[in-house]
Amino acid sequence: MTAGLLRIRDLTIASRERELVHGVSLEVGRGEAVGIVGESGSGKSLTLRSVLGLLPNGVRRTGGAVELRGRAGLVLQDPLAALDPLMSVGAQLEEVCATAGGLGRAAARARALELLHLVRIPDPEARRRDLPGQLSGGQRQRVVLAIALATDPELLLCDEPTTALDVTVQAQVLELLAGLRAQLGLAMLFVSHDLAVVGRVCSRIVVMSQGAVVETGPTERVLTAPEHPYTQMLLDSVLTVPEAAS
Amino acid sequence: MLRWLGRTALSVIPVAIGVVIAVFALLRIVPGDPARMILGEQATPESVEALREQLGLNLPVWQQFVDFVVTLVTTGSTGDSLQYGVPTRELVLDRAPITLGLVGLAVLFSILIAIPLAMIAAVQRDRLPDHVIRVIPMVGLGMPTFWIGLILILIFAVGLKWLPVGGIGTGPGEPLRSLLLPALTVSLGFVPGLVRSLRAELVDQLGADYVTTLTAARVPRHRVLGRHVLRNAAIPALMLFSVNIATLLGGTVVIEKVFAINGVGSLLFSSISNRDFPVVQGVALFCAIAVVIVSVLIDGIVQLIDPRARAQRGGAVRRRREASGTQEERA
Amino acid sequence: MRFLRRARRTPTLLVGVGMLTIVVLAAILAPVLATHDPAQQDLAAILQPPGAEHWLGTDQLGRDVYSRMLFAARVDLSIAGIAVIAPFVVGVTLGLIAGSVGGWIDWIVMRLTDTVVAFPFTVIAISIAFAVGAGATGIIVAVAYIGWVVFARVVRGSALRMRESGWLAAARGLGYSRARILFRHLLPNVMPQAIVVLMTELVVIMVAVVTFGYLGLGVPPPTPDWGTMIAEGQSFATTKWWIPVIPGLAVVSTGISLSLIGDGLSDVWKVR
């Protein structure tokens, strides 16, 4: 087996009052797209955040190991909250470029524009002066993606990146993600409560419930022949386009 | 900008009206003859009647109010001082600079003391420095400001003899040197509450998603704190000040008695001893107006420095410009 | 009860209640615990340092400081305790109505609040006390006029959140009358936060009572009061520093106990 990019073993995370994640293990290989599905409170977001050690206040990793061999970028759910509301998107992106690559101002600006092009922001020269509040939701999320890509990562950590977006915009962002992955050879760990989205984007699925992994396997197998009743329940609740009434 | 002015006027005008009514009603909040209340129980019926005439208390209430407002608008006074016979405005404005200087100095000290403490506590959340710093609001909120003043006098003026005990001196470094200890006292009374609120605000900011995003993108901690968190916390912090300015002013007024400072506060106390009610009204009105003006000023500053507000103003211009250009694809 | 169980596991609450109990008991049992009559002067033994006869020394009229402290506790605590009732009731009621009904009632309450808040508490309290007369009554009336604002604001916020969450509309949809919703449903929900604020307000009011005493607007002598004790002791502070300092410590301790209780309660009830 090739050494994976990310290996999580027996991860436990707890707050002051109770354990939130019990003994979660998963692996992500180079270029692989793995999805974590579950309802709110299943511990999927915490698992994702622990890869970079970015757990929220009062929550700590209490056991297990996280082995990350490479750099990871993070895309969070709410792009409005994920960006500093008082600074232009250009300035924020340039700041990341400068510190990540040790670049000077001009070089950082050039790289920032390059990244904005990469995430398909129209008219980047004009948009870079905008505040996050002035962009649309989809544009904001692209900026967040650009920031994640600025560190030249091998793994993209996505926490419900499309949940806060309109449905039509969701599709565009997912398409962008797929394109970038192919172009840059990125691996991805994609967290969502939406089984349909995860199914589209990932080749392997990890199903979590109440802080533990209940099932894992290749996407096709999990979606067509789930072994755990919880997975079946998730499947059943996915709305499909209804047959036209005959 | 015009919209902001309109909005501000809409909220300030009712308050101004309310303040004027409240000041007018001060003497009449308890049933009984206001003139008798001023002169006390031993007053002779003749002197009571004379005062009633002088204060216009024999007129119907609505007319008294109209006269009050007219006097206020034309002379800026709440009447004539019963003791000195001059319009209250003169007495109040004469003392105002000292008090305002004291408040300004106190604000400066509060900022210098509270911000570092709140930052350390927030960044070191739930660790030892945080627990130690969180004791300060707990202990400090129950400390009467005048008592703090006494202790400071004992330590610095009497014990160490670094600073004067009271009054405003005329030597070198004055009046600053005399105002140092009083201002420090007022700010120490204010700091506990300020530290608590600032810390809470900073903790909120530190937990925000943008901090996570930037940290994940390897931006160094000190940059995240200095360039992002502090700026985001600054505006709520300014609003905090705006809300608490009245408390600060109140503390200053009491402290003037402890340190024998000749400001608006000591005017208030001497007027109370002398039963000079119009001056009491004048001081109360001055304080309220000062608070309202400062609130409006702070709100205005926020409008100027908040890039989101600026964007709204600039945005109107840009939107008009773009409307005539090509329609962009919004993703 | 679940509350008692959780309360027992919250150290802040326990310590706070413990401290407050000591203070309150000292106040209630003052006649029993005092060693001397607080008003009794002994001009032969003025300004004595703490010793066997007078545990905390004597003041400038030879009165026993320790006994005066106990009786002062009675005065200051009872005035503060009484003074906070009216603001609490009025503030919570106004806040409930303003937050849940909204509209012009809310607007009026907000403007009223803004007007009161524009005046520094001390300044307006002194002015009102001037009009009403010094002493306990003055303080209580002054606090009644301005102390309700904090409660109104906090309760209004809670009620507003409940209204916006659609909860209110649902209850109305079920056919409950406005009054019933207000008292049997909204009130219990806003109570925890209101009581936590009550603890903070008690500290503020107690400090105000002591400040009034210091300024000479409090209860008349010879009734002891922490504020007047500090004021009287001020002149001797350079040599007999304990006379003005110790009453202040009493105020601070009471303040700490109340703050601890407030913090502890907000932990137990999970109030923000």
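Here are a few things to note about the model shown:
Think of it as A, B and C in the order they're written, each chain with its own count starting at 1.
The working rule: a residue touches a chain if its C-beta (ideal position, glycine included) is under 8 Å from a C-beta of that chain, and two chains touch if they have at least 3 such contacts.
This one's a predicted model, so the numbers in the text were calculated from it and none came from an experiment.
The largest tally of C-beta contacts between two chains is found for B-C. Chain centres here are C-alpha means, and the one lying farthest from chain A is C.
One simple way to say how far apart two chains are is to compare their mean CA positions; for chain B and chain C this gives 22 Å. Rounded to a whole number, the gap between the C-alpha centres of chain A and chain C is 51 angstrom.
Chain A and chain B have CA centres that are 47 Å apart. Residue numbers of chain A whose C-beta contacts span two or more other chains: none are found. Of all residues in chain B, those touching chain A in their complex are 125-126, 203, 206-210, 212-220, 223, 227-228, 231-232, 306-308, 311, 315, 328-331. Contact residues on chain C toward chain B in their complex (touch as defined above): 111-112, 114-124, 126-128, 130-133, 141, 145, 200, 203-204, 206-207, 210-211, 214-215, 217, 227, 230, 234, 237-238, 241, 244-245, 248, 251-256, 258-260, 263.
By the touch criterion stated above, chain B contacts chain C in their complex at residues 11, 14-15, 18-19, 21-22, 26-27, 29-30, 34, 37, 137-139, 141-147, 150-151, 153-154, 158, 243, 246-251, 253-254, 257, 268-269, 272, 277, 280-281, 283-284, 287-288, 291-292. Interface residues of chain A, counted against chain B in their complex, comprise 49, 52, 54, 56-58, 72-74, 76, 78, 81-88, 92, 95-96, 99-100, 120-123, 130-131, 133-134, 136, 138-139, 142, 144, 147-148, 150-151, 157, 169, 172.
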